[in-house]
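In what follows, structures are represented as structure tokens.
Here come two complexes built around subunit A, the first alongside subunit B, the second alongside subunit C.
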Partner chain A sequence: MSSDAFLFWFLALVTVVSGLSVVLMTNPIYSALSLAMTMIGVSALFVTLNAYFLAGVQLIVYAGAVMVLFVMVLMLFDLKHELQAFTRGRITGAIKIASVGILSGLIVGAVTMGLKTATTLTESASAANAAVALKTNPDTTRALAENLFIKNIFGFEALGVLLLVIAVGTVALSRSKGGSHARD
Partner chain B sequence: MPETNLITDIGLNHYLVLSVVLFSLGMAGVLLRRNLIVLLMCIELMLNAVNISFVAFSKFNGKIDGQVMVFFVMTIAAAEAAVGLALAVSIFKRFKEVNIRFFEHLKG
Partner chain C sequence: MLSMGNSTFEIAINAVKTILVFFMMVQAVPILVWLERRGSAFIQNRFGPNRVGPLGLIQLLADAVKFLTKEDFAPEAGNRFLFYCAPVFALIPAAIAYMAIPMSVPLVTESYTFLIQGYEVNVGIVFILGISSLAAYTILMAGWGSGSKFSLMGALRASAQIISYELALGLAIVGVILLYGTFNLTEMIHAQAGAFHFSAFGYTITAPWAPNWGIFYQPVGAILFFAAAFAESNRLPFDLAEGEAELVAGFHTEYGGFKMLMFFIGEYGHMMIASGLMVTFYFGGYSIWAATPADVQQWFADTLSVSNQVANILSVIAHFLCYTVKFAIFLWIFIHVRWTLPRFRYDQLMDLGWKTMLPWALANTIITATVIFVTSYFIL
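Here is the complex of A and B:
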């Protein structure tokens, strides 16, 4: 087994197991730590896909900032083990799990049904792309910046405005006294 | 067409199936859990699954646009986590718990 195949299976195992434990842990702190492990696994998967800059951004933004936000709010609330972590009702729970299973089965079926055309397509495309990709491989960050700041500059600026609005809205929301539901 | 080995030849389909599995885990968490913060975590899990498939398509098609889209998804996810946690804080200040059933009091 080649090294990148081993790496993929190892990382897939890590992300799926830690993603499963996000759902199944009853203590929210353990869920948050499992989610951080999932983020690190996804970042390593980005490295195997030659997206080095995105892997760094994933580590900094998700495993750094967002997870710190989650853990800080959990510490603020001081939540212990929940009495009722999952939804009540066995029948509705079974229906929910079955619907998730059917959805994932349909998508996996569709992906693997398209295996034949996809392999021929990706083989011809990857044979053509392999030379180009190998030549320009260390430069994906540069290509990313050129695409982001030339082709998608409007979306980038719109995201800046969105982040400003979100910052103001979050501060206003956390300072609000509760509106018509105020205690007194 | 040469016979491709499912275990040793890692292609686009492997990444897509992994992405689907992670997305389904996140969706099951959103449907099954009651804690609002765990719900937000499961939404982050779903967004990460979509990011994997974006980057995989970007690599196997040889185009960079998928990675730019991952940037946008990350920004939206951070903003969504901030607003969701602010809502959770305001719910907790009133009810001393962050169970999802208190959100029925938000109307009006």
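Here is the complex of A and C:
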């Protein structure tokens, strides 16, 4: 096994195991920490694909900021109550089993489809050329920026506006009458 | 970045190098602690540790032995797994991030080129920011795993502060990225090498006696970055997380012995990353005052009349010493500020982060982008 393949299988194992433990852990804190570990694994996988900038941003935004907020909020909760809500009840159990089933289905599907595309890709010469181009010119940051800010600028800005609308809407809903942060 | 080398020799040297940089970082901590204790004593008109060894230098060795032989305990109500994980995780992000900072010009032999840093990362800044932002987990794990209210309060304060100041920190760096047009730390240092020169409106302005450092182009960014770095490493005046009068010792209240020392090493590691980045972004990295690395090597070859090989080795040593001096100056500023300024109140801390530093950093970014665009696209 080459070092690249070893690295991929190791990182994939870390990502999948921590992803599974997000669902299977009974303690929400462990779930949140596992989700952070999944993010780190995904970002390491990005590094092996030469997408350094994406890997760094994944670490800064998801692992460094979003998940820290998750963990922080979870630590303020009364976890004994949450623990019961997580462990008892048939519905949550059914949801857990269903999501595990969906996940394993996805994995099996991805592996079989990936094998198919891998065989077709190795046959075509264009993939080899692309790989060589990636090896010689690993600066994918510029290509990413051109895609985001020149080619797809309107879609990108529309997504930004959508996120802003979501943030304003959340604040408005939580501060409206009967909400958890109502002013009166 | 992933390639460790082509031959077994190169791979072995590169592997040893990463371990060496890690040990360098860990070994700098006792010296810094000694400097901090002697320095604080000097500032407060006391003696400080002066009994063990010459100038009290062996005191820290004695402390380390004391820490190692202390009883290893975990609080009854805490979460043992997270409690034991946290100190280990405090070391890892600091060490990994510090390895990406270049410390000298590469050592070139006949068939190999060795970089004087742990490893080269293509997008150095993003990598270092990403890795060091993981330090917030350490604090949260320690605070929650201790099962103590003081620890939890300290951890919540610390992580809220780290997230708040990360924004100002990141935005202050954007100015630097715009200025040099790269994410790579080595390329940034190359851009700052040599005498002061810049082009605007088709003219080129030079000053052979001054260095071409980033501080002359980004003074506001430098101040914002350095201030945010203090908050990121939880040092005074931003050490709300361990305000002794309110929280005993914050997130590491329940820790003793070597586990506490590991948190210490993590904190000093963040100080070292901040100083290293400050040097790299704004003070020319390892480059010597108003001279390019090629000039320095040529000077060695001419004045000492040695071969290029020896001149290269001498140039590596000279640049490493230059980096170390700059690095040490910033570490001393960290220590001096800690013993000079009082602690902020919590609302002052948040106001400073969100209402003062963030708008200034945003304005700095916009003005830098505009100036760069105008001066490079319009020719008088």
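Keep in mind that, in the parts below, the second predicted complex is superposed on the first by the 128 of 184 C-alpha atoms of A that agree within 3 Å, B and C clash if a C-alpha of one lies under 4 Å from a C-alpha of the other, contacts with A are read in each partner's own complex, and residues count from 1 in each chain.
The definition used in the following text is that contacts are C-beta pairs under 8 Å (C-beta built on N, C-alpha and C of every residue); 3 or more make two chains touch, one makes a residue touch a chain.
For clarity, every value in this text was computed on a predicted model and none was experimentally measured.
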{"item": "First, second, both or neither for A:96, with subunit B first and subunit C second", "value": "first"}
{"item": "Subunit B versus subunit C as contact partner of A:14, first or second or both or neither", "value": "neither"}
{"item": "Which of subunit B and subunit C A:33 touches, first, second, both or neither", "value": "second"}
{"item": "Touching partner for A:65 - first (subunit B), second (subunit C), both, neither", "value": "both"}
{"item": "When both partners are placed on the shared chain, which of subunit B and subunit C touches more of subunit A", "value": "B"}
{"item": "Subunit B versus subunit C as contact partner of A:75, first or second or both or neither", "value": "second"}
{"item": "First (subunit B), second (subunit C), both or neither touched by A:163", "value": "first"}
{"item": "First, second, both or neither for A:57, with subunit B first and subunit C second", "value": "both"}
{"item": "Common interface residues of subunit A - those touching subunit B in one complex and subunit C in the other", "value": "4, 53, 57-58, 65, 69, 76"}
{"item": "In the complex, subunit B residues that touch subunit A", "value": "1, 4, 7-18, 20-29, 31-35, 37-38, 40-42, 44-45, 48, 51-52, 55-56, 58-62, 64-65, 67-68, 70-72, 74-79, 81-83, 85-90, 92-94, 98-99, 105, 108"}
{"item": "Residues on subunit A engaged by subunit C in the complex (per definition of touch)", "value": "4, 7, 29, 33, 36, 40, 43, 47-48, 52-53, 55-60, 63-65, 68-69, 71-72, 75-76, 138-139, 141"}
{"item": "Subunit A partner contacts - residues on subunit C that touch it in the complex", "value": "1-2, 82, 121-123, 126-127, 129-131, 133-134, 136-137, 140-141, 143-144, 152, 155-156, 159-160, 162-163, 166, 170, 183"}
{"item": "Residue numbers on subunit A that touch subunit B, as the complex places them", "value": "1-2, 4-5, 8-9, 12, 15-16, 19-20, 22-23, 28, 31-32, 35, 38-39, 42, 45-46, 49-51, 53-54, 57-58, 61-62, 65-66, 69-70, 73-74, 76-77, 79, 82, 84-87, 93, 96-97, 99-101, 103-104, 107-108, 111-112, 115, 118-120, 122-123, 125-126, 128-129, 132-133, 140, 143-144, 147-148, 151-152, 155, 159, 162-163, 166-167, 169-170, 173-174, 176, 178, 180-181, 183"}
